[in-house]
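In the two complexes below, subunit A is the common chain; its partner is subunit B in one and subunit C in the other.
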Partner chain A sequence: MRFRTDAAPKAEGAVVYAPDLEAPGMLWAALVPSPVAHGRVVRLDLEPARRQPGVVAAVGAAEAVSLLPGGTGDGAAPVFPSPEILYHGQPVAAVAAETLGAARAAARAVELEVEPLPVVSGIEEVFPEWPTRVALPHPQVVGHVHARRGDVDGAFGAADLVHSETYRTPGVHQVALEPHACLAEVSGDTWRLRSSTQTPFGLRSDLAESLGIPADRLVVEGTWVGGGFGGKGGALIEPYALVLAAAAHRPVKLALTYAEEFQLGRTTLPSIIRLDTAVKGGTVTGRRVRLLLDSGASLPGRDFAVGYSMGFLLGPYRTDTFEIEGYAVRTHKPPFGPHRAPFAPQSVFALESHVDGLARRLGVEPLEFRRRNVWKEKDRTAYDQPVGPFGLDACLAAAERTLRDWRRGLPPDHGIGVGCGFWSTNAGEGGEARLELRPDGLVIYEGEREIGNGSVVRGLPTVAEKVLGLPASAIRVAYGDTAKAPFDSGVYGSRTLAALGQAVERASRALLATLASRLGAATSPTLELRDGHVTVVSGGRRVRLATLLTPEERTVGGLVAEGKFYAPAHRLDTSFVTDGQVFPYRDFTGGAHLAEVAVDRETGHVRVVRYAAFHDVGTAVDLALVRGQVEGGVVMGLGTALSEEMRWEPTGRLGNPDLLDYRLPRLRDVPPLQVEIIEGFAGAGPWGAKGMGEPPIIPVAAAVANAIADATGTRVHELPLTPERVARALKLL
Partner chain B sequence: MTDRPLKLVLNGTPRTFEEVPDAERLLDTIRWRAGLKGTKEGCRTGDCGACTVLVNGDPSLSCLTLAREVDGDAVTTVEGVTRETVGRAVVKAFEENGAVQCGYCTPGFVVALSGLLAGRSPPPSTEALLDGLEGNLCRCTGYAAIQRAVAAAREAVR
Partner chain C sequence: MFTLAYPSTPEEAVDRLARAAPGETAVLGGGTDLLLDVESGRTTPTELLSLRKLPWRYLRWERQSLVVGSTLPLRALEVDPKVRTQLPGLWEAIVDVGSPALRSRATLGGNIGRCSPVSDLLPILLALDAQVRIVGPNGRREVPVDAILQESRRTTLGSADLVEAVVVPAAAPCTYLWQRVQPVNDISQVGVATAYAPTPPHWRIAVGGIQPRARRLVEAEGLLRSARPSDFEAELAAQEAARRSTFVTDRRATESYRRRLVSVLVRRAIQRTLARVPPVAGGPSSSP
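On to the complex of A and B.
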């Protein structure tokens, strides 16, 4: 079986990624990092760098302003800090030279004088005690969300049990193995960029806004992406390369070292979460959710994560009486950024640990407790949105059978935990596809490159295959830059197949409609490939496509059809929100996971013995792709659960910017993994598909934490669940 | 630091590179002097395995190897490995088992596994092969499909 067309070229090393890019006359760039996490640039002298051999350009804040006259003049987010440095390693200047070695030597030669300022390295420095009331505006608060529904005080006043806990989660990095890299070139009035990006069009608008370059003069070509996981969305390194290219009048290549990747990446940042649940007569009657989220150097009003997380902290549970409040706390770190289901695994770790402990307190089997309370199809969410087709209870029912099986003969010091969560496929702004049906096959023309999950190289052709009847071997995907390719919002929100797939579906149907009218047929024809020729089959008649095309279509481009899918607006009645913004969710999908762990009662070491994941996928357009997402998401989640943690020092310096000290799951860490697909709860994607890129990572940390509690009777309230933390919770240390 | 010629038998062909600094890493010689970009640059600190090549048949990290250390040796990259029978079988096993997603780590896995399988009859056990791949990181697949591919490749070359 030839499963994906990109697999063999990738395995043979024949695919060009951004770090591999070269261009005639290309220069290499190096960044000049700030030595402090907070400070003021007092003096920046680039001349010593310019005198180094092989150096062609050196740029800092002043050069950026003169090269980009339309750029951010108000200092809101300048390319280089002027004068305030906001995080350790923040580039204060950049150089371009004939070789990478020369560029790095020149970067070290830059003379930089910085006045250090007090560093806020974490949430607890801003709020040593849990804040009960914060006077806003507050210099260290860049976002605030508060909302309330129902009689919350009444529910807590009348409760016969209040379950209250505090959870902590750390910074975690996406760790795509391919570091950020791009190649910039400025010629005439065109700024051209090839970059490893999840969102070529989003990157273009991001750069247009921040650099003040009109979008039609910026051309972005996405390369193959060596992993993104949210980390390759908006602009990160591209402004430095573009400014250097403008200064040097030559193409400039910039690729991050892995240490820079860790230091500069926009990642998940630490949080403190407080949950209080009111119970009366065994029934949950009210909930309070409070979140302090480290937002790093996020600009005021730009934080999305606090508002977006609130729904995940309330969970897939019937809740009509609640109060939510969250603060985005400004610290001296790079800004918070998206990371595969942004902050959902952390939210769900806290909520599902809390729910699990509550069920045990109430003497109800934890999985059964969830089944009593999770949304069913006819329910409404906490924000009063209709849930619609949602298979979480079916996932839990399937998990229950496996749980019973695993419980039999469970060894001592082993435990089984359940975790569940929801996700909402984010269709984004929209997407378009152009299909070119040629005498020898179909070309799907896209501006978005394959990121790895297979949605573009395999998912989109599968959609066309199902509508048209052509075999996959006759369908290929071609890519263009933002000047030529159809618009698409890009890879995020698990949207690619669900949203762009609909654009391909519509374009495919438009092709058939055109062919029907050319044949004078009342019904849509189907296509097949006969002896290498696309053949149109209609009412028992077989006609070669070539005979239905105009001379121009036969010669160039073929029969062209365009399909567009723009997501319908999802309005939310936000009258219950008193400050900030919460977000509507849509197209719900659910997943329930089971983890069996063995806990070493002497060292606190946790071994995941086996794992099972049950997911409501709507309809699996391609089972192998779904399986790849579930397996990959679960193992990435095991890293979040057990070992991954960015450790910042009080100076604001990241203490473990490497893959030795930031520990990812390795091949031998992976337990036997059972994947079960639940179908029958149709989503909005093609044939009812739901986006599956993000859901599988969401319940993992919760399932593992609950398994530890099941094995030991002790709950660990902080991620990751390292031997040290587990040992402390077990009072071994 | 001296810049001297360097000789390698690169993918079976004797090559001489002029003025190679003693401090140059084999990874850079391969990628930027020989222009063979299939060997991927990941962490450059020996933690990810994306840059794995064979030196005299043994899997080695080209980011931690100075080119000078292997002067005169046989260096085989993913481009060379996948021209051979064992490398072809490994690529096919990865392709058929869904073991390739973003693909950035894949050449490292293919080279390492091919190095562990080539010329060994009978092949090492699947468990021994998986142990041998412990130094290669993958962030997309969760290693599950890679484990299936390893077992399939082992069967194919038996």
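On to the complex of A and C.
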């Protein structure tokens, strides 16, 4: 059994997370929240805060403009609202003081006068009824997507059955254990930031663009990340810390409270999804997908989620006659942001519930119905892309065996549901790795830290280990800031092992090629560790690495190799798109889940009795990491399914910014969980690996919802499937 | 900011409370609610009076009654095997409160003093007709828990009164059932306690998660005339309990859902309690 090298230091508390960062002369920051979700700043007086004991700096919109080299960039959001406030709790000012207590007291002393403006707290306020034609531009629509292929009207006109449903999903938060935190320092003309981020380089370019700081004067160092789940991508709190550090001429640490984390975090927002399916002679002949997605305070043209979601709403099903339309609806909430597989679990909940119900209407066993209709390797997607190696049908076949098993002796009031989905590894722009082979081992240099799943600290060394033959104990990962470390897009899109792993693989092979040429060998050598010395094995010969190195390489740095992986461009013929943007997908992976639930027919309470997840992983480079991702994704998905829900009040205030009433799954909610890894459908990653960070969360809500329908004959059309919501669907009240 | 005082005798604690200005001194037991209130600024005491050094951290059986010192953490009751077998309903109410960490701090005394409408402990204490030993400026007295509770954060206790112990009379067949969205670290939407007191034979039903406080539902109890009510009688009593309770809609449940839950859980609690009534002589016998 091989353990992760970060496990012991994390368990012992030796790892320093961003909220615990310290620097000599460091100040603490506190934010001044807006008391309204929509309004205009009439007066902001920072003087009372500045007069508080221990306060070194207080900044608002005016100070931000004068302190930032480029002011607020064109089209980018200002650091502080000036004058329009767009969501409740939006920071209108910030203070830095000698202690956290002094900073918080000073933040309360700031005098703020706000003129409240009408609040749009949800989609229904903009569209009380389903919109048929929306005249664009529309003040509350910041994005629109429309596309159509085939004779959709003809298919619906000729249909002998049309299955139509509307689904609703709520806002859900990433709830990383560690809230956002960073430490900023401005010295000379260098802006330096240590931050808990999934994307140090992305954060740098984000800040450079929005704050007008030249990227070469901005240095970002990623800290260990206490959970990201998509919530720690672009800039969130860093601008406040940077402006304060510039004002105070001292390092400033800003760490959110958990209530602030809930109120300010960018995450999945509510949606309404309408699905219509035309059937003729038992065959699906046409589909309509319509989506209203709450976009929060997203700026016009900045919405990505509507277009991105469309593929998941069409699903892994053969479809060439469809119409899709979606609106990004502007409301007074923080902007929409990524949350593990952005909007895919919600899309798949709606689609898979719909497909399940349709199969039942057609009298076909729901799992069998899916097997008939999902993509096989030779198929093309709805957007007419080749599917390629795709193991969803194999996952479903494996699930079918378990389903038969579970069906035997199923108690009354129990039900079994199936859900399936696809994911496409997002390779990002690309990534680079620098490897240093030294006489005593290998160092992998990276610009990003481990965010918890193991892909950096264990996944990347595993790739090097497999290529080079060195044992894991001789490989370590070293980190640098954006000024020193090789570029990488960041930890998102399930890309780390699949994409950055290829850079490590290429660099490893480059090392072997150099060694082969120094040995004059025709074939690549392998490496082993003998008595603590890296030894090169070639054609039966064993040579200590040190003897093959130049004096300089022996002294500093070792033998260096670099590897780069930049994703090939994926072109999509978008002639079928009439407005907005849809996204090409690539490198498809599939997963099928089974949930068995027990439903209390008198109270609506749902208990997940057991669970099984089947995933096409391409190749499992590291089985323990893959299983960890599947187990974690399923548990996180059970929260989306059963209990997680951000509840905004009509005033735009978040009513449950705490972990008591925003309910995460606890250990007692986790059922016995069976994980089955399906290999043989090679992806683009090392040895055919596919990214597995996000796929496991995708089918969970769907599987649980379908299990409830199986147990009760009643479908619940809204997440989460709380006891009261199920009770209402069962007409118990 | 506040100072922390550790009186070492009940008399000293009562004396300090009696001399304190209103709102200045707060009593600190487990602190699971008080510290949240201090943190949020809901209360701003200048002195916290910790009960930690008082000799009230005990559990003992006096004849048939369980006597629980008011500062004993719930966790100690939870792990006591006799509590579990003799008072299963009390154990059921305790074992799922919050988390183990919270139960290692929370106390019965705190539950009574705080008088939260969503307390899981108050319904079972009401159903078991628990008595509360109070020490105050005029000495000691014992009153039924029912006579103390008023509404959230309000009781009939005087400002210098302290709960010294809770006396749960005679081991009785009893049950506590709750519903929450999640089994742990969540607040019950409703909680229902039933108990059968053999001498004189009487059923008691109490409900929590209602307004203004947990209470006995004597009208529903009155429908359970026999020691072994039928399913139909249990159902009638449950319906009556739901009818007689005052529900509100809040962020955890709607009024109508709470009513539904009470009507289901009261019936189930009666049935479960019945299953715990020993069928042999010495236990309750069937009425004619």
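Methods note: the second predicted complex is superposed on the first by the 727 of 733 C-alpha atoms of A that agree within 3 Å, B and C clash if a C-alpha of one lies under 4 Å from a C-alpha of the other, contacts with A are read in each partner's own complex, and residues count from 1 in each chain.
Note that in this section a residue touches a chain if its C-beta (ideal position, glycine included) is under 8 Å from a C-beta of that chain, and two chains touch if they have at least 3 such contacts.
No experiment lies behind these values; they were computed from the predicted model shown.
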Considering only the touch criterion stated at the top, classify A:478 as touching first (subunit B), second (subunit C), both, or neither. neither
Chain touching more of subunit A, residue-wise (subunit B, subunit C): B
Name the contact category of A:634: first (subunit B only), second (subunit C only), both, or neither. first
May I ask you to decide whether A:668 touches subunit B, subunit C, both, or neither, giving the answer as first, second, both or neither? both
First (subunit B), second (subunit C), both or neither: which does A:42 touch? neither
Touching partner for A:723 - first (subunit B), second (subunit C), both, neither: second
Where does A:732 make contact in the superposed view: on subunit B (first), on subunit C (second), on both, or on neither? second
Quick one: classify A:660 as touching subunit B (first), subunit C (second), both or neither. both
I'd like to know which partner A:556 touches here: subunit B for first, subunit C for second, both or neither. neither
Once chain A of both complexes is superposed, is A:513 in touch with subunit B (first), subunit C (second), both, or neither? neither
Counting contacts the way the document defines them, which residues of subunit A are shared by the two interfaces, the one with subunit B and the one with subunit C? 659-660, 665-668
Hey, which residues of subunit C end up touching subunit A in the complex? 179, 181-187, 189, 251-254, 256-257, 259-261, 264-265
For the subunit A and subunit B complex, residues of the former touching the latter: 1-4, 6-8, 10-17, 19-20, 175-179, 224-229, 255, 257-258, 451-454, 624-625, 627-628, 631-636, 658-660, 664-668, 670, 673
For subunit A, which residues count as touching subunit C in their complex? 602-603, 605, 642-643, 647, 655-656, 659-661, 663, 665-669, 722-724, 727, 732-733
In the complex formed with subunit A, which residues of subunit B make contact? 31, 36-45, 47-48, 50, 77-79, 82, 90-92, 94-96, 98, 100-107, 110, 130-131, 133-134, 136-147
